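Going in written order, the chains are labelled A, B, C and D, and every chain counts its residues from 1.
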Amino acid sequence: MKIKLVSYSKDGERIVAIAAKMSRSRKGWDYHEKEMTDDEIETWIRDSITHGYWSVLEHSVYTFSIEGISRVASHQLVRHRIASYTQMSHRFAKPVDKYYKPITPPSIEKRGKEVVDKAYQDAYNYFYQLLEKGVPEEDARYVLPNGVNTNIVVTMNARELYNFFGLRLCSRAQWEIRAIAWKMLDEVKRVHPRLFKYAGPNCIIHENFIRENPITLDDIDNTVFISQRCIEGVTREGIPKCVKNARSILVSEDGVVMGK
Amino acid sequence: MKIKLVSYSKDGERIVAIAAKMSRSRKGWDYHEKEMTDDEIETWIRDSITHGYWSVLEHSVYTFSIEGISRVASHQLVRHRIASYTQMSHRFAKPVDKYYKPITPPSIEKRGKEVVDKAYQDAYNYFYQLLEKGVPEEDARYVLPNGVNTNIVVTMNARELYNFFGLRLCSRAQWEIRAIAWKMLDEVKRVHPRLFKYAGPNCIIHENFIRENPITLDDIDNTVFISQRCIEGVTREGIPKCVKNARSILVSEDGVVMGK
Amino acid sequence: MKIKLVSYSKDGERIVAIAAKMSRSRKGWDYHEKEMTDDEIETWIRDSITHGYWSVLEHSVYTFSIEGISRVASHQLVRHRIASYTQMSHRFAKPVDKYYKPITPPSIEKRGKEVVDKAYQDAYNYFYQLLEKGVPEEDARYVLPNGVNTNIVVTMNARELYNFFGLRLCSRAQWEIRAIAWKMLDEVKRVHPRLFKYAGPNCIIHENFIRENPITLDDIDNTVFISQRCIEGVTREGIPKCVKNARSILVSEDGVVMGK
Amino acid sequence: MKIKLVSYSKDGERIVAIAAKMSRSRKGWDYHEKEMTDDEIETWIRDSITHGYWSVLEHSVYTFSIEGISRVASHQLVRHRIASYTQMSHRFAKPVDKYYKPITPPSIEKRGKEVVDKAYQDAYNYFYQLLEKGVPEEDARYVLPNGVNTNIVVTMNARELYNFFGLRLCSRAQWEIRAIAWKMLDEVKRVHPRLFKYAGPNCIIHENFIRENPITLDDIDNTVFISQRCIEGVTREGIPKCVKNARSILVSEDGVVMGK
């Protein structure tokens, strides 16, 4: 799995802050553009998020190239509709051995490595047999495994990313899309730390809806949650551990971050 | 494949017509509701479509239950974002033999039946072996084939259906989603013949954008197209045959309509 | 203001419940359709909402005719993008005296009735003067007041309605769109009481995200909120009063419900 | 009216081209990123557009600050739902004289200047009288004219812009939103000439759906249209003149481009 932020609104944080401020002002862009300080940017972003003024976050946009994920994961990913996708076509993809790299879930890596290797190899052989019988690629691929690898280019704005992270960073999300989400979060936090400061699984998002002082992922250990339960049913006490558990998908058995 | 229209705006045609008329009038709903004749309904629908006033078609909505399609097809289907989906979860689905009915493309039915049967059986065996080793279902399914069967509930409005049909009734669309689209068209035409009278692949939609008198799928044989080419590159002369070819997916080798 | 539910998914509650159940089952629509009891419908709806499985609510859809609101309100309304609108065209509307009924806010009714009457009449006179000078209607209307009345047909699904209600039932919402929202809520609760049981301003929605047992608008007086504050900043203690205050827009000075 | 492109995907053209190419390839972003030539960018963009592969255009995104337009125009603008908006709040805007600059349509400028000036001034006086009587600003503004000025920040991607331009560059669009559209087109063509080469009113868009060699706005005078009529009903022969007419909104009486 390789996840790369290939394009984004360079001034995204500034733009979100100016837009938010303009909605409360009569002055035009040029004025605010010149006057807006770094401190103000932070404040406008924070206030927009803590007061549910999410629409201003839509003006900052991010494009990722996501490579080497399974079609199990991409099928879940594209269910997020407020986004743009361009996926490698599997209909016309010539079968070239070196590009056949189906994904193996960690649980199978541990418990069924040999089975999966054989299953993936057999499927590929059947695929070839069908091609040889004159079946077109787009049909022959029906015998390829669900785990087959794919590439996809994804564009989402910051608001949609918050929504996506809320659902997919969560421990209830399936491991692969969860790993994708955590990596995407890393990427956007690197370039826009202020804009994604409050991003996290829904337990954190919802906590901040009802809490006086907003918390972040970094505060997980030092926070007593007010929420009785998260939306998925985890109780107040269980939440911090659950979040850490969710995040652990990024780290392999040997402590190495996946996909690096 | 089983496609059933399970819910829709009963008065959809009337509602679209009233909405269109209200945008050109100052009178309220009750008045138009009472006065609107069947002839008028037909005219308002026709005029809205031939003048690109598509937004009024959004007020009529359709829900389908689509069962026994492959995840190849469902992955393409859910790329249509102006729609609502609820899909059978493959994460928690208990492996019950009688529900494992992966889809076989017609081309394989013809040329590789034995290969595919074996491929699908082997995949299922590997799946079981993984389960026995303690791999959870949501991971074990990575070895199941792309062709694995799924069910999905889909809601789209009439405008989105026009857009979906434009792309997916076309011969360039992959056979399975094409079959789904043609069956969905059958379903909606049955209940709302006036609203879907002009639905068809994009060659027809686009022809009607630039033509004085609109044509329908039924006119295919008696029409000289004005379009030099369709958007997919088929030339004027080739279009009627191409459309019939696209539609033939509904009919099996033996002349039987698929999935009935 | 006249708000009428003119079309909706008759079986909406059932359909939402079946869709939710189908995502956890391998059986098809016909089976669930037959087996689904009323109790089950209630449970599936409740569980979907309390666990944030909002997407299933999208399968139930509602069309309203909203008449006699101001363009101030309609401008805010159409900002909700996951919806369909057909609005009376003001470009081509012939100026007929009896249709000129601009909206007067309650605060002006009370404090500036004469001023507003004169202002609205003067504006109309200027409008006519412009028409007489040969200015087309679509331009002359620039001098008509913001409060000018309009009609609009609106279609939203149950999920979007929950989102819309969350924002617009709230006391922070502008009075007119708030009145619209409360009336729309009345309409949908009448036909689908189980589906809209948990609808309310965001203070209630968010409380239910983090609370073991969900509350409804009816519980406002007997509930100790867990939330420290609502997203708009009202403190725990202030919420119940704030909600009642928000709702009071429905009742005029004389205790009569508006627009009836 | 002041329209400024304040942010956009700097590499937008490149990104669209790479995404399109990746859907037909198995290689990853880094490879294409390095290999993609300027010629190729042009070809991939052209081919995507002429074959209706619009979704790739979504990866390039544009943010505009639009200042000094009327609420008549902004109300139409926000009907385009695949977009993001942040508008100056008129609820809390303090009444400061110098910011009250309602828009005067050209037709009134010519035929009713005195009437409109008086109408706008009277409305403002009534507004003030209401404020003095203790009516809150958000209600008092009901007497302000439809033509009242507003500012709005708008984000749209290239696909949505093509759709927006198709509808709003057209002579049937109301003059003010048409002027906005033509100016927005200028802005994006300046930075991404290859991506917006084929943008135009729907007569041109639709012509290119059905024509072998695509045309652009620049070819209007030297092109015999194949379309019998445009979607709005203008006949083949009338189209070029109609387009020039539509565009003339940019130029004032004295030959000066508006808003500069």
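Note that in this section contacts are C-beta pairs under 8 Å (C-beta built on N, C-alpha and C of every residue); 3 or more make two chains touch, one makes a residue touch a chain.
These numbers were taken from a predicted model, which means no experiment stands behind them.
S.K.: Can you spot which option in C-D, A-D or B-D is basically A-B again, with over half of the contact pairs the same by residue number?
M.R.: C-D
S.K.: Roughly how far is chain C from chain D, going centre to centre by Cα mean, in whole Å?
M.R.: Using C-alpha averages as centres, the distance is 30 Å.
S.K.: From the C-alpha centre of chain A to that of chain C, how far is it in Å?
M.R.: One centre to the other, that is 32 Å.
S.K.: If I count partner chains per residue in chain C, which residues reach a count of at least 2?
M.R.: Expected reply: 85.
S.K.: Which word fits the touch map of the chains here: line, ring, star, complete or other?
M.R.: complete
S.K.: Mind pulling up the chain A residues that touch chain D in the complex?
M.R.: By the definition above, chain A touches chain D via 2, 4, 6-7, 9-12, 15, 18-20, 22-26, 28-30, 33, 55-56, 58-59, 61, 63, 65, 67, 84-89, 92-94, 96, 99, 151, 153, 155, 157.
S.K.: Can you tell me which positions in chain C touch chain A when the two form their complex?
M.R.: Touch list, chain C to chain A: 50-52, 202, 206-207, 209-212, 226-233.
S.K.: Quick one: in the complex, what on chain A touches chain B?
M.R.: The touching residues are 70-72, 74-75, 78-79, 81-83, 85, 90-91, 102-105, 107-108, 111-112, 115-116, 118-120, 122-123, 126, 129-130, 133-136, 138-148, 174-175.
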